[in-house]
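In the two assemblies presented below, chain A is common to both, partnered first by chain B and then by chain C.
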Partner chain A sequence: MNGPAGAGPAERPVVEVRDLSVRMIATKTPIVSGVSFDVAERQTMGLVGESGSGKSTVAVALLGFARRGLEICGGSVRVGDVDVLQLSGDKLRDARGRLVSYVPQDPAAGLNPAHRIGGQLREAFSVHENLDKRELEDQLAELMRAVNLPSTKQFLRSYPHQLSGGQQQRVVIAIAFACRPRLIVLDEPTTGLDVTTQRYILEKINEMAADYGASAVYVSHDLPAVAQVASKTAVMYAGRIVEVASTAKLFGEPRHPYSAGLLKAAPSADETNRLVGIEGRPPRPGHWPSGCSYAPRCPRAQDDCRAEEPLLGPIEGDSLVRCLHPIPLESGAGLALTAAPRPEPLEGTAVQVSELIAGYGSKEILHDVAFGVPRGECTAIVGESGSGKTTLARCLVGLHSNWKGQITLNGQPLRKGAREREHEQLRRMQYIFQNPFGSLNPTMTVIENVEEPLRHFERLSPRDRRRKALDILDTVHLGKDFADILPSSISGGERQRVAVARALVVEPEVLVCDEITSALDVSVQALLIEQLRDLQLQRSLTMVFITHNLAVVRSIAQNAIVLQTGAIVEAGPTERVLDDPQHPYTRQLLEDLPRMEPSGQAAAVG
Partner chain B sequence: MAADPLQVAPVDAVRHTATPSLRRRFSQALATRPILSMVLSRLALGAVTIILIAIIVYVATTVLPGDAATAILGHSATPERVAKLRAELGLDKPLLTRFWHWATNALSLNFGNSLGEAAPATSVGTVASNSVTSLASERIENSAVLVLVSAVISTVLGLLMGVYAAYRRDGFFDTVGSVFSLVASALPEFVVAIFCVLLFSTSVFHWFPAISVLEPGVSILSQPEKLVLPVLALVIVVTPYMFRMTRGAMIEALDSDYVEFARLKGASTARVALRHALPNALAPIIQVVGLNLLFLAGGIVLVETIFTYPGLGLMLVSAINGRNVTEIQYIVILLAVFYVLLNIVSDVCVLIVTPRRRYPR
Partner chain C sequence: MEAASISGADAQLKGPALGGRLGRIVAQALRTWRGKVGLGLTLFVVAVAFLGPVLGGTGPLDLKGAPFEAPGHATGALGGDALGRSVLARVLHGGWHLMLIALAATVLAVVVGTAAGVVAAYRGGRVDSLIMRSVDVLLGVPQLVFVLMMLSVIGAKTWLVIVSVGLTQAPQVARVLRAAAQDVSERDYVKAVAAWGVPPRTVIRRHVVPSLLSPLMVESALRLSFSIILVAGLAFLGLGVHPPGADWGVMINENRVGIAANSWGVLAPSILLAALAVGTNMFSDAIARAGLSSARTGDPSLELFAVSATGAGEVVPLQEVPE
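Let's turn to the complex of A and B:
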């Protein structure tokens, strides 16, 4: 293994990970196998992968930790002069937080709900060194200044649940930087944060890593966020690293087909392209195929790929790739995408909302919202958490009935609650929930779930009902094989397709989709978006697409409505809203959105 | 069809500008003091509960076959004497009047006199020491000692074993402890009590007395050996629940992200378990401690009967056998008040250890 990208040849990298392997204790099934990489002084390396790739397992293994049921079974993690994996007992405990520190994925869950944040911050110092009270408070104050949080008594005495998500994340970052570690491991630190907060946190991490002289490993499934913070990126698939390169190279000219697949699946906020998802699913631990583990899904796979497992080997410059047939340079084949087709415009407005005021109890969430949804088009409603976008969607379909104003479907006014609405009105407008794990009945098979709305809306013989449900499962590319199994045995993306099928089976005119891709990996999100696009084109569906992701808006929607704290600040055709935003809030959102192109800052750090 | 949304605003505006009413200020004061507001609402609910129980108990004791007069005089009494005593006791008045009379007296802790054998047949109410409250006072003390000692022992045992088993999950102690606790919690308390007697008193060892009879006026604390077997029986019955709840709550806390983060911060294992996991496991543990105390308060009836331990439970059983209506009423009300107060205390404790509920956003 050669020196890392970005570091001078004489300089020894601060972090050297070699052949790191983690397995299940009980079955000895490998989870992570032979992971090696270097991180130079003050360098941030991105570790990218989809759910189940083992990236989180690698993240905690860098601190000599394995989650329950797992064990680190080989390799070394050298940080400075210390091999973390050779430490044990008190020495290992002391290395965690002082030599290598960790920023967890969800700060709301990572902070202890039973303790005040002041105590949790002080603990970061006190478990490692005996400071007297004065020193401790001085260091704490300095740390709080660095993360732009007040170090007032009142703030330090608050409990985690009293802080906002961004504040919680900054507390956690402060804890990680407290003892000035050599290496900081960030495990999806911005998941669930609004773009503006996310951008702030990403900048803060870069700034603090530079100020405190720390190297960082940034673990994420979010490619644009990685592009923004990391100067070097490693891609993981099925427990192995498949490509390591400088971020610019990796995002510009990926050599491994899987890296290219991820990039082609990620929607862009600037162009409306047909996204290319990755069919199939990653192999589960214990079911890794012989040969290249990506071969079963790889468009470039040849016979030899299935025969032997490729090694992670050097390829031009400092890049490493684990592929027998890497994508040739400058072939243009890597990332070429085609522009997405537009639906034929139809006459009229399917859904018209006027003077909509909605809330919970006496708390008003939506303030006088009015818009129309053109027939046959997709209208996206974009907003951050707390903007009221989900409440709006629930008002449309009658799941939330505490509203005033008017909602019409095809010109007919709709009653407030779904129970009061006419059968036919309910059939014409169907809803798809955000969480595919909660929205399917786990005790019913896939086909029973899909048949369920047919029982309500149509009188069909059991045989016809099943035929119809099977047809629609075909339409969403889930064949007969899926019909008679329980939702628990299929993946998140497949479940969401079942949810789409269940909505489509009664042939609705309007589909209300509430953040339906937010729980999915990008490769799966791409498949689902393209499927919806095809359905929209084939069936002249009208869609209301609720999302927080502007890139998704650009991919699928013809119209965009920007919602801020319960009021519409901007609405119009997607091109107009995203290319020439009028409202400062829209501009801010677009500016804060991480782009796939590596930022100058990150490149400069490396 | 929809109302004019503009109409909403003026109404709201008026409400905001008006000086806050007393009621509004009161509710605001309560909103910022979750503990006080909970105690107040629980007390109110508890009062309703006790009133309902009082009604049920009173009605139930009056529909029992026979009444106080026959209970006092025995079956051989002539109908004339029974009728005379009935009039004296006010038993010929309508039910509502009698209930009202009893309830108002009960409020001033006067539950009437015991109808037991010692009661003088005619001049009811002349002997002060015959009132049910004074008769029961010694019994209350004895039962309180029994419940408290059992509760402290089982709580400490259950907590320690639960925390340890959770900490060494799937280890030897955890496996063995879980099996034993399952077996023990499947046994009813009378079986356990009889087993204790057989093992430690009559058949195998002869260490402790099989029954715990006490002379009146003698404190149980002066003869602690009579306490051992009843306490042992109750501890064996209650500890498994404590153990399993503590273990479950600790496992959940130990599996959480904040425990993992604390570990990765470099906190020691003891610190992680006791300072990070335990405080978050306390709420369910407190709930089960409360439930167990309630269970003990009911469990003493059986255990006291088996050991003829002179407590409230035994008194209740003999009162029911002898149709001693006033004693039944008093003891049941006493237990109801204990239930209500204990519930409030355990809910307040849960609130105290749950900052998320104590400090609103």
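Let's turn to the complex of A and C:
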């Protein structure tokens, strides 16, 4: 099988999805409309889309399931000789697991916390097959070997909470493969796992799909992960598939403007480029525009795009594209990027941390951490979950006061808690939270949220205060229209911009950003990162940028500090740290980081 | 360009400004039958109590006919009471006093309870332990017994009824509000304000309490119905309005001997009290559900505390939201 985009014409694909549609029961609003694709035997197809694109709805529809309030209203999902959507009752239940199985995003949700691992694995066999005890144990041992977990009694007697996230996910994958299904649906199975575990799971999925003769649909918003695992990729936008192509083609030469937009928005771990986000936001169900649903945001849109709804049709080179004016082949226009500018270096150190030891109760999280943040530059602190990076950020801004050591701002030592610090020190260093949905007061309008720090730090008349807040909203490209609405009516990316505005309104010198892009889609992340870059240049801001994402580090930071279990293992200019890593941990991180180029392995399997 | 993104198809996303938040919760509650019936019953009883003295006409103290006279004679549509006074006139005159007392007691309970609960939640640690253990002790004392004790020691005074009924309700309010406020205190927007070094008093006043609107409304309605029953109970026991004054609680007591002759003397005030209690309960339940469903539709300004109307800080699990 060398033509991964479409299995050879002679061979009938194992999985054939035709015109799959899902709608809301109450309002009949379409959520997913006319989704069709094929997956060949032993092939992994990536299904890519941003939040709200309907990709998870498609994923569960492949099992004949729709979430509460939704119904599958048309189409077919043929797996082997069976149309899953025609089944009901016992037959459908039997098909789930034996014919089609599912791996959820959160492994903890896939396992029952009250039962031992062994019992849950055995149940997966016994529900569908009549095996005697010996056969069952043999198959169980074989399966555990395949996912690289011990099949010892002791291990099988453990409860889910006693395993790490990666181990849990492997158990869930083992359960999914237990009955040798023809199709496995993986719904963002590596989100929330660290890169090393992620890489391992991605390799395991392909290996097992090949060994067990299964086809797989890998649903994700994470483009590099899809490039790694899938030989064929479908891109979803507003409930429809907009492009299907072999992964190599899609990532190398996307034809649909939205696919190209996603790729240009994703930061690269190898080059420091200006990212190009996608302005606007995807249409919500019930508000799909007439004509092409991407037209309102599309740089290539013409008048006919708004009038006529394009169909998903073949285009030269085996791809299917839903676009009236696809990007021409070999135009080079698709993915051209420009190098990002660097800030002018300033004198001195803005924040100096030395001998910092911090913890919760008697548990020590940070062990003797010391570093300096050069003025006017962006310093990234990189670490995986549990490395103590958020605790470090909270020590800096005074939200965590259980620490020893010294933190200075412009040479002045800082007290531990925010309440003990001087007014001026508090103003100079501002903190932006990770989650845009929790960091704005939902009972206050956008402008009231932005005015809130002004009330505390400056004495201004209500008119001046409002004017100042409006100015800063303008700086983050949020117009007057946004001022008097509640944060709940705006999107995550817009909320995060309001949070940036709220931090900037008191004119700080240092901005501490804690994973501020991790809850956002790539197209929105790109907009925010570019905005921060511009602000940094205009205002000579010093930034401390906390993240787990090395590609983001490459894109915005001039300095990088690598944190592992509460200790700094490597620090230096970003180019040095990422191009010539000295510490084995940094090397490991870089090596395991999924790259946008499709891996040889995925192509071989496809 | 961003400004453009909110126009057109997305225009309906524009939320009303803050002032409408209370209105939005109520409007959403009123879309359910529970909310409509609840508010309808409540308003009906309130109307009887406050419009009654104006429309009621004849005096509630006048002796009009025979004791326990059947309806339709000299004593009016609901017949006569134990002394031959008009049941209808006494019902119309006997509600407002009781309701004002209950309302005052509820305000006291909600103010004291909220202050205690929110401070306990935000400060945490020793302050929290001290307040909540006191609440536990107070919850252990039966309400009616406590009120009766206060009234029998100090005397049956109106202010004392208000204070003692209010104070016995406050611990329940503190419980529920602490649970909700704990959740709010952990939110990033409260932490963000704390990171500016804003004093706790200001954080609580400006950021924590306004976020508790929905549980506050639910608790207020619930406490109001409890207060009304308690105050009516006290009047029944002779510790409220003194005879011959008209009062629903007093009427039930006076007329229970003649329940066979003219049951309206007991039934009319009982039905009104029951309707009020059921009405406020249903309405508060509708409010709680409105908070819940707005959480489902992704409006976090209402979502915070889908605290159930059954009280005790129980939080109703949210259903999964379709994408």
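Assume the second predicted complex is superposed on the first by the 601 of 606 C-alpha atoms of A that agree within 3 Å, B and C clash if a C-alpha of one lies under 4 Å from a C-alpha of the other, contacts with A are read in each partner's own complex, and residues count from 1 in each chain.
As a working rule, a residue touches a chain if its C-beta (ideal position, glycine included) is under 8 Å from a C-beta of that chain, and two chains touch if they have at least 3 such contacts.
As the structure is a prediction and not an experimental result, all values here were calculated from the model.
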Partners on chain A (chain B, chain C) - clash or fit: fit
First (chain B), second (chain C), both or neither touched by A:L426: second
Chain B versus chain C as contact partner of A:K404, first or second or both or neither: first
Contacts of A:Y159 with chain B and chain C, given as first, second, both or neither: first
Touched partner set for A:D481, first chain B, second chain C, both or neither: second
Superposition-derived angle with apex at the Cα centre of chain A and sides reaching chain B and chain C, degrees in steps of 10: 30
Touching partner for A:H115 - first (chain B), second (chain C), both, neither: first
Contacts of A:L366 with chain B and chain C, given as first, second, both or neither: neither
Which of chain B and chain C A:F457 touches, first, second, both or neither: second
Contacts of A:N441 with chain B and chain C, given as first, second, both or neither: second
Greater chain A contact set [chain C / chain B]: C
Which of chain B and chain C A:R68 touches, first, second, both or neither: both
Lowest inter-chain C-alpha distance for chain C and chain B in the superposed arrangement, angstrom: 5
Residues of chain A contacting chain B in one complex and chain C in the other: 67-68
In the complex with chain A, residue positions of chain B that touch it: 1-3, 5, 8, 255-258, 260-268, 271, 275-276, 279-280, 282, 353-356, 359, 361
Touching residues on chain A, where the partner in the complex is chain C: 24, 31, 51-52, 54, 56-57, 67-70, 279-281, 283, 287, 289, 296, 397-399, 418-419, 421, 423, 426-427, 431, 433-435, 437-445, 448-449, 452-453, 456-457, 477-482, 484-490, 494, 502
Of all residues in chain A, those that touch chain B in their complex: 60, 63, 65, 67-68, 90, 93-98, 101-102, 104-106, 109-116, 123-124, 127-128, 158-159, 161-162, 172, 175, 355, 357, 368, 404-406, 413
Chain A contact footprint on chain C (complex, rising order): 1-10, 13-18, 21, 187-189, 191-199, 206-207, 210-211, 213, 298-301, 303-304, 319-320, 322-323
